[in-house]
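Paired with chain B in one complex and with chain C in the other, chain A is shared by the two complexes that follow.
Our next item is the complex of A and B:
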């Protein structure tokens, strides 16, 4: 019985200390299963010559060391050259898309702070692109961008008379970049709007009243109150938008199919296409690992800079 | 607390079980099939009709018939062409595929190389009535030479030239072009007033391959040498690709807008009287679904070089097109799968299905049916029998379709944008595609 009493005295303490870990365990296991395991498998695949001959059991694929990395990083050969071009295209695209999404979202959120008739309806309309299924929305854009029967050319050329009578190709050649950017911004800015709106609602109204009494104009209020108050939210927002846009696969895939024009060949689609064009899944995995490393580096750098900025402001 | 601990243990155990199962997925399919689930089958059908619903309407009653006869329920999924290859690949990698599936016959060797499909050896063929029941050219497109076929032919097709009789009459053209020179001269007569002579699917990689493969044969070239190495930028292949793209770039008988077509829009344009001709395989049912009536269109063999006639070698004017039926090696119902293939390739079902889809039965006995003696199908049958060649039966065939198909797509984009398409630019694109394959 004495044993029983000893257990009853130590076990609540033990239980208390073990409980958090026990509660975390399912999440940890799921994380391991969903993220870490495939990641490790992807890294292992990148060191193998994995083709259709070994797709049923990839562990039998011959080990090739760094050969896949040498192949995809050799910019003098077609595979490396195309990867570099796709990477640079994606960087420019991400920069423009995130910038425009943030700008539009913030401007709309500030504008919607003022109370006016129909504000609720307008806010709901703003959020429509965010609520629509991606596939349905992007396929609609694909129809609209069609050269001969699309709405975009109908409005631009036939109704507004811009660019002459000859219809423009939006889904082929260099213009495809702008078509893709349009869809990406259309799809992404409502998220920025939603997040900035939520952040703005946390700013006490008294701050603006006090500023107004002190004679601050609207621009000064935005610069001195609004933007600093939503700074922390903005940092997360920009990071999330960056990661989503850089990795976006659905938009170019639905818009262009499995082979996008060179001008709109975003890196996710490029990796998919490279893997499936050559069925060289080893090289595709190497590209994915490099992409992952790049995103990790950028994210870590960004977090370092922004947290330092926050710390220095607090000091 | 005891309950909490028990629940946590259960969650942990089930997660670990799931992890182990997921890890084991790759090896679970390594063995041959079993008969663990003898009363059901999953069947992935390729999209043959105008849309997925039409295919379900066609196949539904037939599968019901099979269920009544054998007691085996078939779960049908119609997969669009654009998704099919990737779906098969994913199923191969995970081991979680259907029991029976349709494959494009040109993919046979590529998919055979994965080792995921049941080989059709003498024993398996005996279970469905023997190999001799099938037309030889169709069996030739079911896997690499010297190996047991990876699939069984289901529907056979060939390319033909479909032309709009009314548009020809209005333009004063008496007969369809038989040579490429005639195609260009006739085409110029037809390309006017916003209407165009020929339709193309510049964004459809497979269609691009089919067209340039035939033209390459006509130039005495091929895209692979005898040892199976790619020869994409050989002079004959370059001439073939340039000739095809020049129909838009130089001859101006294909509308520039066709460069972005990939969803059979050219068939819609044909049915709506916007284009006068298309080079297509078994298009009759699609034309009817777009509102055309039998007799509105005529069918002729695909043109050949001047002075030639359809036949073998330089007279080749079609690839051997068609759909094969394959069984996943790791099926849980191998006996039922064989029964299902036997049912689908029976004389009776071959007549019903090929009649509906406007294709030619690869089963010899079914071909004799009067339904396959129409003008359309006579042209297709003759082409298949005398002047069609199978696409290269090499393991890299599907990569070739994507790599060269993309090169042709990009060249069409250049042509549509008014950028020059020269022998050098064609050679450069094909050379790049070849290097991608070799890497």
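Our next item is the complex of A and C:
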């Protein structure tokens, strides 16, 4: 953090203390323009009745106080009920997706810790879902989930004979949840794999040698050395996966279009739909503010809990 | 990627090979996982070479006849070349802008002590966790309203889209570059300063050259993210500024969906970023994981 104090004698004090701010200036201005201003505006918008009639001049939209919040939080009426359902769907979806991504990524990383033929090639292959542009990958999944000409129904119904001869709708109705989950896990697990692999490479080899000398088999080594060693990394990994999955817009949008089936209506797409399909920007803004508060609360709580644990273990 | 720092990072091979059950379970698990990963890639590649009647009817594992027709038709069915150029301009400009601005900001954070430093880094980190939808609504209204007030058509322009892409590319560029600059030994630029370089000279002549792999990695990652962006592109573009993310939807008409062309186009737009990613993966992976592992 400290530059050499020897330097301070050669350059004027004032210039030195102004320099970091000059370096930061472009970033600061942009942060104000693209992050702070929109956030303040979003909060202001949530207190106005901002419909399509006021888009051309949003400052003329009537001030409505807490009306938008009352609307989106009233679970007895359609708007609030749909928001609550979307929120709960997103929570369940995130829980399952993050869990599966973590499980697959960790298992693959542990299995590939020991060297074997073709490991390098497999590692590169496993990164493909991560590298592909979202819309190209998800549109391929949308094709696979087509009812009549998709691979999934062809395998399940025509080739394996599961679920009868009638083809299943995967992108409509309740099954859409499972279609979305499949795509999300496919896309998300390589990140967990990357992070856990990196963590495993920091484990000193002597630990394993000592364990082997003491007669511990490979399963015991994995349970006693490998898995405990990735604990600290898991905390960051799970938080990042949670935020990505919870906020994901691209996957449902490419898979379903502007309006997702109720069973797979993730919160970001729900807000998008409320704003740009039904043109109620005021309500959409209120939902955004609530989402922001929720994310801040979860993240702060999570960091508080995990950093306490981390400090006590001196990691 | 493990090769980047030599054999140290690999687990030393134990004197005994792992037991058979372990190897069997490993083989089964990794085979299934590989199948899961590659299934869409297989569908993308084979379907892109199928005649239309093959993708319109029941799915077939093997094409009835191979054709490169879809690869020719994709350029006419929709103006794919124009979308391609739009995506290149938008992703390229957003990448260049965020990397250049981030280099200065990250240098300030990495090498200087100043009031508000912690506030700045916390702000940058936290904007990374906010969903894009949060910035989309206000930015949309800002552009529309500025357009109405001044007559400048911001909404729908490439410039406006580039600005919205900075909402995600700038924070992670700053964040990753701080990590890379921290890894450059301080003695290097201190020595340069003593030798008569100004602080900016030290940045340009010493720190940036030493962190080139990191800067390239950040740029590639920023470009990939912008290349794959859907949310802003679907709201902020019009017919002439449309990017690939939105343009690919053009292969579906009221009556027919040209799945073979969609798959061909998907493959074509994926090749630049997948190639870039695989070429630079060891730098990218090092940068992505450094923050999480430390």
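By our rule, the second predicted complex is superposed on the first by the 299 of 315 C-alpha atoms of A that agree within 3 Å, B and C clash if a C-alpha of one lies under 4 Å from a C-alpha of the other, contacts with A are read in each partner's own complex, and residues count from 1 in each chain.
Heads up, the rule we're going with is that contacts are C-beta pairs under 8 Å (C-beta built on N, C-alpha and C of every residue); 3 or more make two chains touch, one makes a residue touch a chain.
Fair warning: this is a prediction, and the values are worked out from it, not measured in the lab.
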Combined model on chain A where chain B meets chain C, clash or fit: clash
Which partner reaches more residues of chain A (counting touched residues only), chain B or chain C: C
First, second, both or neither for A:136, with chain B first and chain C second: second
First (chain B), second (chain C), both or neither touched by A:229: neither
Which of chain B and chain C A:276 touches, first, second, both or neither: both
First (chain B), second (chain C), both or neither touched by A:299: second
Which superposed partner A:39 touches (first chain B, second chain C, both, neither): second
Partner chain in contact with A:148 - chain B first, chain C second, else both or neither: both
Which superposed partner A:56 touches (first chain B, second chain C, both, neither): both
Clash with chain C, by chain B stretch, listed 8-16, 26-34, 188-196 or 242-250: 26-34
Common interface residues of chain A - those touching chain B in one complex and chain C in the other: 26, 30, 33, 37, 55-59, 146, 148, 276
Sites on chain B touched by chain A in the complex: 1, 4-5, 8, 11-12, 15-16, 18-19, 22-23, 26-27, 29-30, 82, 86, 89, 92-93, 95, 110-111, 113-116, 203, 205, 255-257, 259-260, 262, 395-396, 398-399, 402-403, 406, 409-410, 413-414, 416-417, 432, 435-437, 439
Chain C-facing residues of chain A, complex: 1-4, 6-7, 11, 16-17, 19-21, 23-24, 26-28, 30-31, 33-35, 37-39, 41-42, 45, 55-59, 104, 107-108, 111-116, 120, 122-137, 139-141, 143-144, 146, 148-151, 153-154, 158, 186, 190, 194-195, 197-203, 205, 208-209, 212, 217-219, 233, 236-237, 240, 243, 246-247, 249-250, 253-254, 268, 271-272, 275-276, 281, 284-285, 288, 291-292, 295-296, 299
Complex contacts: residues of chain A adjacent to chain B: 15, 22, 25-26, 29-30, 32-33, 37, 52-53, 55-59, 71, 77-79, 146-148, 167, 169, 171-173, 257-259, 261-262, 273, 276-280, 283
Residues on chain C engaged by chain A in the complex (per definition of touch): 1-3, 9-16, 18-19, 22, 26, 29-30, 33-34, 36-41, 43-44, 47, 55-59, 101-102, 104-105, 107-109, 111-114, 117, 120, 123-124, 126-127, 129-139, 141-142, 144-145, 148, 163-164, 166-167, 170, 174, 186, 190, 193-194, 198-199, 224, 227-231, 234-235, 244-245, 248, 259, 262-263, 266-267, 269-270, 273-274, 277-278, 281, 285, 288-289, 291-293
